[in-house]
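For clarity, chains are labelled A, B, C, D, E and F in written order, and residue numbers in each chain start from 1.
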């Protein structure tokens, strides 16, 4: 498969180069919000959504900066634009659909400053993805993040009831599981190649 | 108690503060950018130069070209393009070959390489991995394994007489089965990555070497700048 | 009112019990693994014997030591560590350095089992955690294959077996290729009969598919193994193989080849069936098995690596809790699944 | 294929010990203990005094409200005492203690004979209550309450439970073999009370001869032929549970937390209808019942007609208890309750007394392993619960979660899960504790059940 | 230095280590710790941003109203991150390549925002700097441990100096993502058990 | 230096800054929910045991009520009196403290004096054992000795003695009542420490019947009731029941004639219970053999 094809971009960001398990992005929420399956699913949805928003805004701001020849402002613009767009979207959703806000809203501020989101924006720029490619990339990354989060939540709900030794409980255990997950995701290496 | 005391400052104060900080930020960044830009530029150029020297022995200087409808056109060395041909000259200013970038899927992700093409030998005489996510210890053998590097002592990419295509396309074979000059021996333990290199070179040379050969006449004269 | 003529015991119902317990099941699995191990020794000689003994020994000792440290009653007696050790040994290539095998045994139990609280709580198959660790740590050693049935196999080791602890193994010149690698990298197919009867290269326990199948059937008949899991995996792999083989027999191998090559047989029969790490509902079990089957096929055919059984099972383990939740059966007398 | 339900288990039947022993009458014990609360509902009220002489069959306590039944004296004798006595749960329960007259001929007090056909449904219900009739299938729920379903939930189908799925027990089997006529008479009475249109008798296929006896009896009874049928069920535990039986016979599920009447059925034990068929026309009360005494701990196992109130001690001695006996169990081995005190009497709910030896009983102090998630219990639970998860939750004291997310309260404690569990986890016991704690609404804090 | 200020410097080193205890800034700790040099470079870059932004935040603390403080801090942090990015490129392109996008991602390292918010914005320049320095060193300590463990096991070298004999077989997994998780998990475990022992002693 | 790019930078950034601050300004219009800051202070002073003994779900909720003045700080049974005083002082209210209460156990039937009728096999908790024929103890009211109370006590106030009978540590006990709730035999009750007279038995059997099952059972002989001032002790169902409303009339003489020592007198700090002179001496150390 062509490495620039939309299919590959999705597959790569979803499984092969999973944001959490291969790129170590978004570890904070991965450790923090993976305790309950229900929360994890919603968090995943929210992150995916924000990634999409970030991807679109980053694409726009990048084009703008190229046109005024001020690429050195890229990072600061990304972070600021992403943060404020998300905040705006949050308010917007709150107005338009309280139900949706209830499901996603509480996570939004939490996500704004999360490396996975900024990562999507930066990587898509580095790789010079087109608009469409960028969007697919953000969805793949979001789906991958959600997958990792949901799996972890499933496992952790199970382990909540296990007699895990005390010193391992918590972050250490989650990290070890992530390690095993990461090894098992290595099985996807080379897919589509 | 009432909610009175939490009343915030006026919008103007906030706008002033943020706009102030933002402007300050912008200025700081520009300052550093302006200061570091020349150094970075030199660094990058040095880096590129070093890379090119590595893949084509004897290079002293180089010039960037792009393919415009089958014609190679000169562009400034600083200009970034993904698809450049670096013409390489020795100390006498003689065109000795080209350095070319190529990329393709490896074991884990895309591998980017730079390879050197010698006009004299009509062969690939060196390669350098620019970007790889292959497994350390395995995939990185393509940079370190002496036996694998030997493949690039002289990897034949002769063109046919009409200069439209290669006589023999590059091939990968199982380790120890290399019999022809256009074949690449794979690495045991990293078959996938080494095959990927073969494939990347195969694709790239198939397209680019004939173009070079067709344009060789126009480029041969000692360079002009 | 004198009623004290009887010594009475009291207990909660039920007062009868199926005469099967964990220890008995585990012991039977060990029995079922013995012929497979014996065949491995027959095919690969003392290297195989030493490797299997090493992994088993280190698994059991690790379990024992951790129990000591945790001041728990020793759980060595339930045989589960023996199974882990045996299976880990059976998944290693014949020339694998012994020190690495020992490390694998330790990792299997310590990281794969005790980290999670011991028997019954581990969410990943311990033997495969061990192997996964080894594969990621020593990818070269674990994909260096030696041919089976060498003449001197009962008298000498492969030189790489004997690497000094923590040192690089010497590279043997006689390394071979597994049927799957041969197919993937050299487009060479292997005779299916050879696969079935173990006349190929590969990990210790993965050659001789028929024997594994028979041992698995023994367990399935004794109801100590969930037949749905191997059945689901086989079904998925066969279906995909048949479809794609019809489309392009050059590129996509036959179903028989897929079934009997690589670790599929031992994985499907002995490893995916580890009850601790597979779903508990029967529908969940089917989904789990079919997903593993599909992943094996996808990784083998389209992925970078020639073999994907280990990854597929580990991924299946990851999803087992979610399958359990998704396939919660509808409780008698309720409307929706799990409704109150 | 025989009718059945999904899941369930197959414990060894062990019915051969007592299956061919016909019903024999038991002698009177030196004293009889009649608990006033041996049925579900409000205890009866004593209407006799200490020292009073009573005749066999005479009412000695009356129902206290609708969900309550009267008690009748099982023997002619004298009321020794009215005092609390030990019951199953080790609690003290108000009781009447009767000392039978050794010299008495023990004739049953003649009741007022009635012609069932002439009674209205309401009168039948009243008469059933007067008999002191409760379900003999084990739950001891007052029968007349079951015979008066809510008006908006009419019962079309009467299901007679002849499954007797518990191992060892054979009392219902003997009743079917020996009391076919009584059963048909009882069915007619109950159907009339309910206004039911048909009756299905469900019998497991290990008792085909009993099914045949009933079929033969039906075929010679002109009226029964039209609306009573016998269905053979697969032998599987717990086929005899109300919920399983309705699933197997009419393919309907009793809603969670609902009543059989919700789906237009009523389930009654075969011995219950037999007793009604016999006693109601005679106007007599329930003073004895058929009890299977079985297990290797007794030398004379069999099916006995035992007067209510006979103390266990006496029952055991009479059945030839031997020194290997260790466990004395009221009911079958799957759901029966251990007895700790041999002063305890036979009650209306006792369908069997098992006297098990140590070898026969589930091993003592079994090593409990952690749940290995083998799924055996999940595939055994007839109600499609997840005992594995419930057990793990119980160990973590997550009682609320058990009830809210995993339907704890649907569990009818059949014990199938515990029977199959290879890790020897005492699942049902956990569930009982959890249910009790929840019932009592205790807001307990962390306390590990495992100890 | 008053005892309290000293405390604020010492605490983040161990007792309130931003990584091991507060679990902040995990991403870079995992991602750029496959060698000692990389982790040191990352650590230093983070320290730079941490101190600079602490300084600026502290200086501007009277000017920035509470309501816009987060936005302002992000702006300030992003500024210094961008500066760091260019400075590193100017110093060594190689280092820049190895650290990859993670320099830019320092912006979103919650540790920095946390420090700015919790301490710098409430303290004078000097105190803020000392505190930030403590946090930064705590971070460097953590990422350095990771780098050391991963490089020694995964490559057989420490800061590119071989620590074992020539013949050492590296554990490749330690350099791979999986190994990153394992190493951090393991370090947390060790940290926790030391911590527990210390506590026991205290009691 | 390139003036153009400096201008661009400043321009772009200023623009962004203004945009951002406007957004925030709008957001800021939504006001925060006001919470009394004193709640935090009080909350911090509470022990955070969240035991619920005060009758309020959790310490935070308790703090809210305290601040509102709806409950006295002293109602927290767990907190150190010093902390309570601090809270009271901080809020300027009366501490409302009271006589310290602890858990009293109404059973003395350890395995050395009480007979076991049947051997229980199963889940080793009192709750579970109680559901199996009451646990098999001869005295069906007595302590099962499987230590549910010990496990449930968050304050380590209960320990099981060598005869499997729980012993309450009066110092550690906070009267949270968890043991009262958990005991399936209902043997615990929370009593002020000023109650020195105590019947350590719940057996309703009489005379030998009771003594047969447990050597220290209350046999219902009624001697204590006779010796006490009227109204202090009632005999109910063969058991002496103390009427604590008449506590002031209690004295150590009441227990002296008790034949089994079922009625006891606690010493000053409730560390020891004293039996009457006539109580039979218990010398057995090991459990009573079965059968």
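Heads up, the rule we're going with is that contacts are C-beta pairs under 8 Å (C-beta built on N, C-alpha and C of every residue); 3 or more make two chains touch, one makes a residue touch a chain.
The shown structure was predicted, so the numbers you read here are calculated from the model rather than taken from an experiment.
Steps from chain B to chain D, minimised over paths through touching chains, total 2. Considering the contact criterion stated above, the chains in touch with chain B and with chain F alike are A, C, E. Ranking every chain by how far its Cα centroid lies from the centroid of chain F, the top place goes to B.
Chain pairs D-F and B-C differ in how many C-beta pairs are in contact, and the one with more is D-F. For this pair, chain D with chain E, the centres built from the Cα atoms lie 70 Å apart. Chain centres here are Cα averages; for chain A and chain C they lie 33 Å apart.
Centroids built from CA atoms put chain F at 47 Å from chain E. A straight line joining the Cα centres of chain A and chain B is 30 Å long.
In chain A, the residues that touch at least two other chains are 72-73, 76, 80, 83-84, 163, 168, 173, 176, 180, 183, 186, 189-190, 192-193.
Multi-chain contact residues, meaning those touching two or more other chains, occur in chain E at positions 67-68, 71, 75, 78-79, 82, 86, 172-173, 176, 178-179, 182. Chain contacts: chain D has residues 337-341, 364, 370, 426, 429, 432 touching two or more partner chains. Contact between chains, as defined at the top, is found for A-B, A-C, A-D, A-E, A-F, B-C, B-E, B-F, C-D, C-E, C-F, D-F, E-F.
Of all residues in chain F, only 51-52, 117-118, 121-125, 127-128, 130-137, 140, 146-148, 151-152, 154, 178, 181-182, 204 touch chain D in the complex they form. Those residues of chain E lying in contact with chain F across their complex are 67-68, 71, 75. Across the complex, chain C meets chain A through its residues 70, 111-112, 114-118, 120-121, 123-124, 129, 132-133, 135-136, 295, 298-299, 302-305, 308, 310-312, 314-315, 317-319, 321-322, 325.
On the chain C side of its complex with chain B, the touching residues are 139-140, 143-144, 175, 185-186, 304-305. Chain D meets chain A in the complex at residues 370, 392-393, 395-396, 398.
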